[in-house]
């Protein structure tokens, strides 16, 4: 394990200097070093399976560059990265122009974290990575509940005839029994995709869809409560597509859709979900950065989403009386 | 009529490929082909009459490039472009550096759509185009009601002494009796222009101004209800300046003003207005794009404004029992 | 005093033309010309003391370039720059790579305005300039109340061991008795800095911190009311770090933090504060522009913050029966 | 065939207005309308097979947007688009995330142009499209000579194990006998790829490589003369990767390499090649635009490359006494 | 006259601070203060008369922001702004959306400088401003010789039917006898405009056109020598359109054309021209900036063009034995 | 030592994935692991000492992100990173807002590499880092020869009164006897700084200045030959400020100056210098990136400068018969 802060006299590494890791956390690519690790942050830098603008291959690195060092969150008073053992487990071995090979390698790397007992939090990458992310978790924990923040359901059977796509992972995970449709809630849907067929399939499966206009109407707290009730007890995965945010809050994404969530609502919802659910894994996807460092506000909000998830996990462990 | 989707095996054209038309819709420049068309989308790519930053000459093309294919809107379940016959009628023949000639040609092209019985939806272009847009509609339908979303009233008698400007179209339309001042409502006003003279003139005319702080105070639903009551029954025009949005939602515009509407509110208001009013035409103006494809979120929100208007028109026709 | 509008036939200078001054106001660098001036706008273009992204040295000029001419504010009907005598007093003599020399010169220039009886409004520059800004005001008015809109408390004893930094001015001002901790309220705090030590120090001093989640929970009106009560009567300074806004509203800043205020709330709060408090000075800081003219929406919102402060001052003088 | 200039009084369409076609030329997607056409410009907007930065899916549209109307070239006095019948044949039906399907459709569309007797000029897209481009031409004309301007040889057997890639088309075309290695010249090679294996294969095949440092040493005229001698008489294809230019001249490309050609040299070389060779097809690839309209100078130089090729073809026809 | 450097202890003002003037020079808008001034720098920030991308209204301010303080030029050892009395005479009173009014005011302001005996150097603005610039000089000095660096001849009779345009000033100046066609040389022409009619007119008038391919072939020194011989003795004007540079050197312009001059050649040519000719005025036009400060390299090269002209003037005065 | 390529099946790591190191090389921060290392690449990400635009604190990371994997250079056939043992030694512990502390830490880290027998190549950072870079090398090797590519001499005694600045390192190194003035050659000088005093001091010291106009006049080969003769035998340091390039080739730098070197010339000169001189250290400075990955062409050219230096070192070792 390589600790990027040792060169600094007081262990305070500026974010633009030193080894680029998530929050300046220790780094390893060796699964053997994950023993005792609570959370492993993993990058999945690929974008070959998008239907619109590419660029998410630069997402993981941008997220790592946008955030600052760990700290106590002002709202909760929790310093999650002090309470939990979190490491940056590096990037999965993506293969440019061979997305299926990339998926296999993502499955492998996320699986190593899962096998080591760590909760993987995967930084995308396009949303197709949810498929290996969730499969890796389910391989150990069985069929999973799924909480899914997104503009789109990503439950297409195919996109332009392509079956493995950033628009289809959820269809495949449900059809393969990896995700339990009865424990699957979608929050933030809006816009012009998918169509009636996909929604009919969702209904037949028993998936719960909470569109954005309902979130606005009832408020995020009530909407999330409904979603959490659907996911319920048992192992669950949290997948966050940054395009669930209004483009004002996340302009750097490939298929933005106006009318979305505010950052404040989403950050609260991510923390609360991580506190309330039995999370076995999570991912934050579809960040297509265009600027350097914290100037890329989409990468920044993705960094904050990860931190809120960590904060929620820490709060849950506190509540469980676990030695956090 | 040229259908840009025929080369694709399933008729699903990716938005970045093929002929550039609004939503990938069929394209024609021939008025004879407008028979049976419900809505004609028309570009008016000019910016010679702005007082601050130019660039809206690139607006229509950017709006066409930002949006994806038609689809069923998640919130309403309506696929407006399936229910209505909508075509892209191309751009009016703007003449660089000769804005009055451009106006004449916009009048001509919009007029062709109106004469064919289609509702024109014009993509700006600076807001000066509202003058030919509305004149073309009024030529057939008589004096019109006007619903106007904007930061500014655009009712100057002149701007820096210039009488035909993006700050004066509404003054001219009212003074010429093209717009019925009693049926004219403005929503979203804020900032530092215009001054007491313009507001005094407005009051004398009987124009209803609903400033942004009132929208915030009473909510968009109540504010819009007031505005719709003003416009009332009879033929009406809807003009949407994207700068009514807060710059967070529409940074790509020439005279942005902080403190504006959210995209969600504006999109809802546009759909509702199109459903409630007897629309004979509409325009969406002041998009000054800076990025490529959907990365230009201002052009994207303008695309969505048009779609919400189409959705509203479709809903209105449904309600009227018209064979949509 | 140089009036930049005289060349224009009607005194209406377009914002992109003519001498670059705040709102196109008269310009002087001569303290002797400040007699009778109500407010002096001063630039402090430096960024050597930041911990993350630099660029605020371009802030003052960008703010001047982003805004238009003075005008009557739509919401209040006040044309503050007509009611008050406001001048652009130019920039303090910042010295690149010598931030302490820059601070000394800022103290000097702001002090000249204060000594002339004007209220200085300083355009940053990084937040370290608050130290000379406030010191200059306190030198004349004694220990000051402080209303502070920010994501961060800026009360570090040091940042990476550096004692004069954009993260420490408030610590230093309180420790030196320049700011009265009992009359010091912070609004909008969130994110991951500072930590328990700084908050413990704040508490010991009696500083009032209103974090962002409370602002969201109770609304800006109630939160501001609490803050105004803390600052109370007596001379007060208003310091506004644009990063208190959500990055959606102010992307051009060095240490953005998602989950922040809306522009509408902040603008209202600035105006109200200026109306309710006995302001002796103000600053608006941390604008790191990246675009030209009004296209830089962060500089634009900073311009609007200044105008709301001016509007509040004008309203206060009206209320006081002062010959505005 | 749709002529985009008919709405303009004098047939002079501004480039930012009207139907987006190459140089504002007539547009058709109907192969039956290609009779009598000399050159068909075709888009191939895909980028799934790149190894580094994607974005060339936006290339064809950007090239069409960057250039102005046809005109007489100042240097030669030739107005190629007046002398030749050139149409925009639209984009091939690319399928996002399915590059092999895209290739099949590119082969189909380019083949239609070839079968109609037109010379196809294909706008990329990543360089993998050279494979269907050249195959479509060779299907009719037999094995082809190839003149190839590029930083990279693109003769990898695979890239990261991927055999159909933007780094492998030339290997595949030579191995399949589509390109005659003895008539294949590469101009502008430099940088750090490919390695000894690829160069050894090239040598075994008899391919002629003229690296950039030789171009600089002997001058473009001599270097090109050598290349033209290699390609010689007989049907030939011209493939131009814009990254052969120094990044100063073509920053918008996925794998830029400093030390490249100047625009003046490349433009001259393209025209001269088209004049001297028996061109049966050409492509211009790897344009990854980032700006709007002519502001994207990489797309602009690609537009100019196409025009120089057209000029060369026109000059060749003049020389041949053909009724141009 | 306002000297922006007095606040700095050693008179060394950083370029991003203090009053924005050309090179930090003294500023006045009062013609009475021009007595004894050698050169007056004047801005003409307009862009209403362009045929393609607008934005040059931001040019003069960007040029002022891009350059640093005066200094001794390394190549010549001349500190022109120490040898000559140079002031920033501010911007002419441009009127947005009323280009003819702007022209009248440019004529007025440039005329004031001319009448005061100063050489005006005007910062554009689109190239249409050459018309008032040259007219103002000719009003005093009689018909002028003209040295014109540009991609385009700007000798259209009209552009899209518009007679006062950025593509027509030279036609108008020659037709009106303001410029002596026999003493008019154009350097750097290339691309696809204008056509045979314009060139035929030029020939009839006796204008000398030196296209870019000749500049490349013979070298800038020989090409310039030819041009200088044409202009010869007598009062002359120098007009520099930055698009004469290759877009690599000046990307921020509205109608860029690949294959242009290098910055080094143009800078040398401007200095040499100013040294060799009897300059009575000059302008530098078509800068459409997109970045802040020196990051806008097009504005920077425009600043350097002005400095080379100043250096040439200073060298000429030295040679003339004038007390420089 | 951490090897970032082990996760990839064939050891081929795409540049946008995996641990961010220079060229994907092995990484260590432990000086003990430098045994046997030929070259250690070190980052020095600071920018507090600039006089104009900051941003070079993001330089080292951008350079690492811009380049691809090692490979055989096409021109020379050398794969330097295969012949030499090169590691990424991480960043020195820069301290934001405390440039002197940063310098001390740079001295320390570079010194560790020197002490381990490796040649340090330092990625800046502003040019002030040359001071600790060179001092660290001279501490072991004694007074050094210096080859310096730059627009500016950086031999100011102070800049705005600041003695440790990016404009003064060479003055200090010469005055302190760290650099031997008789063995110090500057190449590429141009523009407006420094002035006669600095040049007089240079002359008195015996420094050799080769301005850019001489490089253009005699060609890079002859100019470099002169410079190499000056530096001669004995330990030498190579310092490359990317602003020696024309802004066309390196727009992302803080003090660009038109009229500079081409990338091809500079790359050749760097390789040749490293081959001909007895290099004991080098740095590449003043990269202020603005784009992501290889899209930042300034960072890319800086990466290539480092590779050319490595290639030159490898060639020198070959020539020396060393087991490369």
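Residue numbering begins at 1 within each chain, and the chains themselves are lettered A, B, C, D, E and F in the order written.
Note that a contact is a pair of C-beta atoms (placed from the backbone, for glycine too) under 8 Å apart; a residue touches a chain by one contact, two chains touch by 3 or more.
Every value quoted in this text rests on a predicted model; they were computed, and no experiment measured them.
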item: Chain of greatest Cα-centre distance to subunit A; value: E
item: Rounded Å distance, subunit A centre to subunit C centre (Cα mean); value: 38
item: Chain centre separation (subunit C, subunit F; CA means) in Å; value: 41
item: Numbers and ranges of subunit A residues touching at least 2 other chains; value: 8-9, 14, 16, 51-52, 57, 95-96, 160-161, 246, 248, 290, 293
item: Chain contact topology (line, ring, star, complete or other); value: other
item: Chains touching one another, given as label pairs in label order; value: A-B, A-C, A-D, A-F, B-C, B-D, B-E, C-E, C-F, D-E, D-F, E-F
item: Residue ranges of subunit F touching subunit E (in the complex, touch as defined); value: 51-53, 160-161, 189-196, 211-213, 216, 246-248, 251, 254-260, 290
item: Parts of subunit D lying in touch with subunit B, wherever the complex brings them together; value: 2, 4, 6-9, 13-14, 16-20, 27, 29, 43, 45, 57-58, 60-62, 65, 90-96, 105, 109, 289-293, 296
item: In the complex with subunit D, residue positions of subunit A that touch it; value: 47-52, 54-55, 57, 95-99, 101, 159-162, 164-166
item: Of subunit B, residues touching subunit A in the complex; value: 8-10, 12, 14-16, 68-75, 77, 79, 246, 248-249, 262-264, 267, 293-295, 297, 300-301, 304, 307
